[in-house]
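Below, chain A partners chain B and then partners chain C, in two separate complexes.
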Partner chain A sequence: MTAMSFVFIPFTFIFNDVASIYVYLQIMLALLILWIIFKKKDPNGKCKLTQEEEAELISKWQPFPLVKPAPKSHRGYDKRVTEGKIGKYINVNGINCLNLSSHDFLGLNEEKIIESSAIESIRKYGIGSCGPRGFFGTVDVHLELEERLAKFMDLEEAVVYAYGFSTISSAIPAYAKRGDVIFVDEEVNFAIQKGLDASRSEIKYFKHNDMKDLEELLLKQAQLDSKNTKKAARTRRFLVIEGIYMKTGRLCNLPELVSLSKKYKLRIFVDESISFGTLGKNGKGVTEHFNIPVTDVDLIMTSLEMAAASVGGFCVGSSFIVEHQRLSGLGYCFSASLPPLLTTAAIKALDILENRHELIDELQNVCCTFHQYLLKSDIIMNCFTLIGDDISPIKHLRLRNNGNNVQDLGSIISKCEHMNLAITDTAYLDIEKKTPIPSIKLAINRLLTNDDLIRVINILEKAVC
Partner chain B sequence: MLVGGHGDSNPNTSWLKSRGMWFSYTIGMLVLHLIILSVPLLTVPLAWTITNLIHNLIHFVFLHIIKGAPWIPQDQGESRRLTHWEQIDNGRQFTKTRKFLMATPIIMFFLTCFYTKNDPNHFAVNFVSLVFVTLPKLPQFHEVRLFGLNKY
Partner chain C sequence: MTLNNISSNETAKNIKIKKRITNGIINEDKNGLSNCETAKSCPKPILNGTVPKNKKEGSSKVALFTAMKTYVKFHILMFLDYINQIFSRKVVPEKQRKLPTQNGTAHNVKVSKESFEQPALHTALMTYLGFYILMFLGYINQFFFAPKVAREKNREGYVPLYDNFEKFYLWYVYRRVRDCWNRPITSVPGAMVTVKERVTPDYGWTFVFTGREIPSLNLGSYNYLGFAESHSKCADDSIDTLHKYGWATCSSRHELGTNNLHVELEQLTARFLGVEAAITFGMGFATNSLNLPTLVSDGCLVMSDEKNHASLILGLRLSGALIRVFKHNNMKHLEKLLREAIVNGQPKTGKPWEKILIVVEGVYSMEGSIVKLPEVIALKKMYKAYLYVDEAHSIGALGPHGRGVVDYWGCDPQDIDVFMGTFTKSFGSAGGYIAGSKELIDHIRVHSHAACYASSMSPPVAQQIITSMKIIMGEDGTNEGINRIRQLKHNTRYFRKRLHQMGVIIYGNEDSPVVPLLVYLFSKIGGVVRGLAARKIATVGVGFPATPLMEGRIRFCLSAAHTKEQLDYALEQIDDIANELGLKYSQKPRCPRPIIYGSDDDLDATD
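After this line comes the complex of A and B, so read on.
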């Protein structure tokens, strides 16, 4: 049979001895084709309006505001504009004030050497570093700073970040992952909270500086672990604390925490943003203050934006631990590295820290004296409770009556401003884990003399009355 | 995202409309049939049935099973959960492209019936394959997942 004979088969022949069902089906399909072909296209969905209808619709339309109007008590309305360099004195709204509001605890902002070294560095390297550390952003000063920091802290390795906040919020999720457990003090700062969010671990908060509460949590966790030892073997347990708590100005109870973490096999991370350069004989932070070997702490995370008078942050620890961040620290991998001029400024600040131990003593003296002065003043103590340890450069004054706190604080602050004293109240976001009672935050720096302190107390007393 | 150019965010809805598409489609079918016909062991009815089955299989897999758009690798948006058939002309029914793609399997079926002389076995196989590619093309089955099949 050839193909040709198939082409010329007459139609009638095909239907001769075929069941009628086939014929009916084919007729139906033919009708379907016809229906498909002659069916009209669906309308496009666009309806045409006359010009009048259009105008009417447009006139009816009222736009929603992009942002809801803020309440009158919002901080944005209270515009405080600073001018010029910020050192011991600060120019707020054109008034030259004594500065108790910035975190420059050692007064290094006033050091001319740091400034001139930064200017020299601009001449040599330019402004930016042109990329993240892994992609052409590493300059010799970064390596020098890391080496110096590791040497200063007596640890193996340091890793420098470009921003203090991101140091802490990327160091935590670099290690803690889903399925791990993190024990945290409930008054930790916002950077730590963001790091905890990013880690997706199970977070267990213990009461502020309450070792008994922590131990109870640890015991509960140990009981859980004993039920499922297979899972427990794969679960890592972390303890995240601050050296000096930003929200309360209190020191952590490091000796107890270290012994607990040894007993229950926790990895202990300390945020030393405030305690670096302010605690200990050499300014090495909270470990030196309590005479605990630094190696007992697994990771130290620090901002360079406070006592070190620069920008950025760093983590120090053993090479085994810290090296991990060079690929897993998100803030390290994916943001441009610290500009060389700020790096050299940090190196110079470190020089000063190494060579002039008396600075730290002076600062601690000022902090303790000021603490005593505050406690002695009856007027201030009638209105406020003083929160924070005497040695801490951060002190919080909480209003005693629980009335309209925030506005009272605002009026006290503006009164102080008119009497040439710059102080701030605390600002918290609604999304924070625990919003503390609003307070006035006093940041002490080394340059304040005894006369200055007495003046501050006098101004505060007048403002409160 | 610059996928199709000229603001065409999903070329899945437009390339079937392009010029010469129907002609290329027909030529493609003819070439496929001639290749199968040239295999020595296959008789003419068998060659037609195989051509029809391959054609319908391609329709079924590429138009009614695979979802999303190959042009937009990351965020596919709406088209992630739509088959190619449902994406054509942005879901508008009875456009020229849709009419063409709806008619071709039926015309192929007629040709196959003709050249197999309505042999019952051939008829059954071809008719079942035709049902599989024609039913999902009907507007009543737009975005319908029977028995939750191929839902995600």
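After this line comes the complex of A and C, so read on.
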């Protein structure tokens, strides 16, 4: 009992009425003891089985097999193996192809300067960082990258993660918890979907880029809130969108989304994985593209595995928001930090972004030109619908579903491969929130010349005939 | 779980002691002093009884009320924890039991020499008392010191983003030991590591670099086999690969992100582990969290060890399966839960479970214990469950051939359904793998979230693993791999024995290269980490909430790269600090003989 009185000392500082708190705790203890006794004596029907009966049940139980037999043929079985460097060209299964499949939009994979600094980095830091950020995994290059990213985006702070997917799926549940409400575009990518699952918040999907639908949902929520103001005062509200949607290649309607968010007090989280380095005059992404103050969005989450041509990801925003992830971002705290060589590669990529704005211009030109070429080709348009905005470096070709024109995407892709063009259909799992429509995903690389683009169109035309 | 890695510090009582050892290291220790002065007579300006101006949230009464609420809430939690501790203290460590035999074939019985010594009762009491004082000081503190943190701008009328208690804990408790984590390094995390010195001008709110770089003995990185190197065969090979393959694939495995290095790495990994097939991913954390959902789902049951890593817990949560947690490495408890689960079936409906998956780790990174694999396998067979072993810390580091916990116990790899591990630790690289039967790996190839959506492994990173794995396997034609494994084992035994002899309490298995040294009191975590840092030894401390409140600890990670001389230096310094701070809690008899490095009397015949 002396132990107990030690424990309660601090209470006496707060409460004048020591006696009452003591009584309260005594009751709690009594209840606890009662509960323990009660629990033991509870005659639970099932627990009364004898040893033999239990043994019989156990021997009778047969589990399902751990895994169901996998399909005989699937893209997951490394059917298309590349070799060597990935850049404007890619070697797939021994065939040298023009590359319209990697997300290296700016063609930074071919930059010698990045390569040489990555090598220097290996000579200084080795390969792995051998520890999470908290435990001697913070290398000075991580701090440099974070600082540079924040400066590049004109924001206060950035955190770097070791993996693009985990950046996005860790950032969301660091803030959104059970009881919160998240409004989400129904076409968001899988990493966001997993983040939403982990948050356990209430998720409300609105139709893809449909502002009316979103506003309706918000109005409904406002009505709900007015009924229960106490609960509403505790319910955080978030809006999660993508700058350019991976699954459709369309830009979000940011101006409208921002004004709705201000009106209904939502915090906006934007996944800028594709738009970072590709949109806006300086490649700062969708906020720059729409000329919206970057502080109007609360958090920007980005993968470094696309335009920045490295590995990992980062979140950037005000310190108030971002710093929280250093203790609450699961993928940040509990995983080894990004290998220093890849961090250095990302820093160099940022150097290039900062010093050579023309790259972004060039990329946007190639994207728009190619978009026009696709639209102009009757053969392609007879067979496919083109999804995506003209400025987007990701374009989807969906098969038109009119009877005899239905072709197997796989055969088109392999035909293209034999004509030295590497393209890929979009990989999806069947557990996506909204069943995706199969499509060919074209990833545009800045290094493609006009001749290349015409060649791509020609090959595509030949492949679909 | 959100307040990871946090621990806390500074009871008024310990400040004197701590001041002695940290003298002149970091100005932080003034922090503690000023705090305790505040409680008596505060020389600081804001002491007029009102709430500081920065507290915008309404009147002082409201602020007081919310503060009190969070404080009381915390105490109730502490109280429950305390009760829990009192009950669990009575649990006697499980004795080695006879293994149930399968088809008459007895397992290779190796006795697990694992220890979790409990401290004397007064240490436990002191720990609680210390924590209460700490919380109380924090509580008082928040009325006098405005938190120097960023405030949210232009978001008036929004629902506050963070929870009050979380803020309180971060600002007034964790802040005091913030300097013990996230210390930046500027070199390879090898046997020695260069730590950037930083000081805090304002008691932990912010840090500035002094520009000095301190070479320290590295007892903090997970560099078990010493493959974190910048000038070695591994680094050379990786640089070659970087020339040939570049550094990023910019695509996922299901799209066009597979190159022949990945194929080679996967075949090699399977061969290394003695299983049919393997698949690799770019991050260890994601390997768990994005693949577990493909194995279990709603209607399945998972038996998860209470000390399992966050990535496993996240993966299991995402899977939708029901999670039952068994006591750490406690096979009796696991068996009891398994029996109950099969007998009772699914809750509510009583339907039989679809599958039962047991999820364990090889070496537990906070406890230093090694899973009792033969017993787990026996249970798994008896109850027809499946077994998932996360070998993040054990692959490379355990077993006479470095093949992990299976190798260590001499079990049959066929008995484990899912092997998982990371390349971050022993291989000095990054990424993770899953290995097992071809059927399993085919399933994962097709359904894995990471294979479909996340980008594939960077080529130089993959090359580092290939080269280091070949060295471990002896395929490079040298004895280097086996020498490293042996060196690590000798280092581990020696270091642990010496600590035992010193009289400090360390947790875990005698063969585990992760060595947690129990310091219990919060204040001592900060004291030891800073004290060792001043003596040029880099370590990490772990405290509440990453560990139970009672069990603040310092963690040493040994490496094959350490020499005996380096360990001797570390031991000498630890002994010094243990005397100064009173860390010699052990009540066990100490070995009177001097410990001889690499003495073979206790090494296995297999070695």
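Criterion: the second predicted complex is superposed on the first by the 383 of 465 C-alpha atoms of A that agree within 3 Å, B and C clash if a C-alpha of one lies under 4 Å from a C-alpha of the other, contacts with A are read in each partner's own complex, and residues count from 1 in each chain.
In this text, a contact is a pair of C-beta atoms (placed from the backbone, for glycine too) under 8 Å apart; a residue touches a chain by one contact, two chains touch by 3 or more.
What you see is a predicted model, and the numbers here were worked out from it, not measured in a lab.
Novice: Which partner, chain B or chain C, touches the larger number of chain A residues?
Specialist: After superposing on chain A, more of chain A is contacted by C.
Novice: Check whether A:Val92 is in contact with chain B, with chain C, with both or with neither, and answer first, second, both or neither.
Specialist: Once the two structures are laid over each other on A, A:Val92 reaches chain C alone.
Novice: Considering only touches as defined above, state whether A:Thr435 meets chain B (first), chain C (second), both or neither.
Specialist: After superposition on chain A, A:Thr435 lies in contact with neither partner.
Novice: Per the contact definition in the header, classify A:Ser310: touching chain B only (first), chain C only (second), both, or neither.
Specialist: After superposition on chain A, A:Ser310 lies in contact with chain C alone.
Novice: Quick one: is A:Thr138 in contact with chain B, with chain C, with both, or with neither? Answer first, second, both or neither.
Specialist: Only chain C is touched by A:Thr138; chain B is not.
Novice: If you stack the two complexes on chain A, which partner ends up touching A:Tyr77: first (chain B), second (chain C), both, or neither?
Specialist: It touches chain C, and chain B stays clear.
Novice: For A:Leu32 in the superposed arrangement: first (chain B), second (chain C), both or neither?
Specialist: both
Novice: Counting contacts the way the document defines them, which residues of chain A are shared by the two interfaces, the one with chain B and the one with chain C?
Specialist: 3, 6, 9, 13-14, 25, 32
Novice: For a test of understanding, state which residues of chain A touch chain C in their complex under the given definition.
Specialist: So the residues of chain A in touch with chain C come to 3, 6-7, 9-11, 13-14, 25, 32, 46, 49, 54, 57-58, 61-64, 66-71, 74-78, 80-87, 90, 92, 101-104, 109, 114-115, 118-119, 122-131, 133-140, 142-143, 156, 162-166, 169, 174-175, 189-191, 194, 197-198, 232-237, 265, 267, 295, 298, 303, 305-306, 309-311, 318-321, 323-324, 326-328, 330-331, 333-336, 338-339, 341-342, 345, 422, 424, 426-429, 441.
Novice: Spell out the part of chain A that touches chain B in their complex, as residue ranges.
Specialist: Its residues touching chain B are 1, 3, 6, 9, 13-15, 18-19, 22, 25-26, 29-30, 32-33, 36-37, 39-42, 44-45.
Novice: Where on chain B is chain A touching in the complex?
Specialist: Touching chain A from chain B are residues 37, 43-44, 92-95, 99, 102-103, 106-107, 109-110, 113-115, 117-118, 120, 123, 127, 130, 134.
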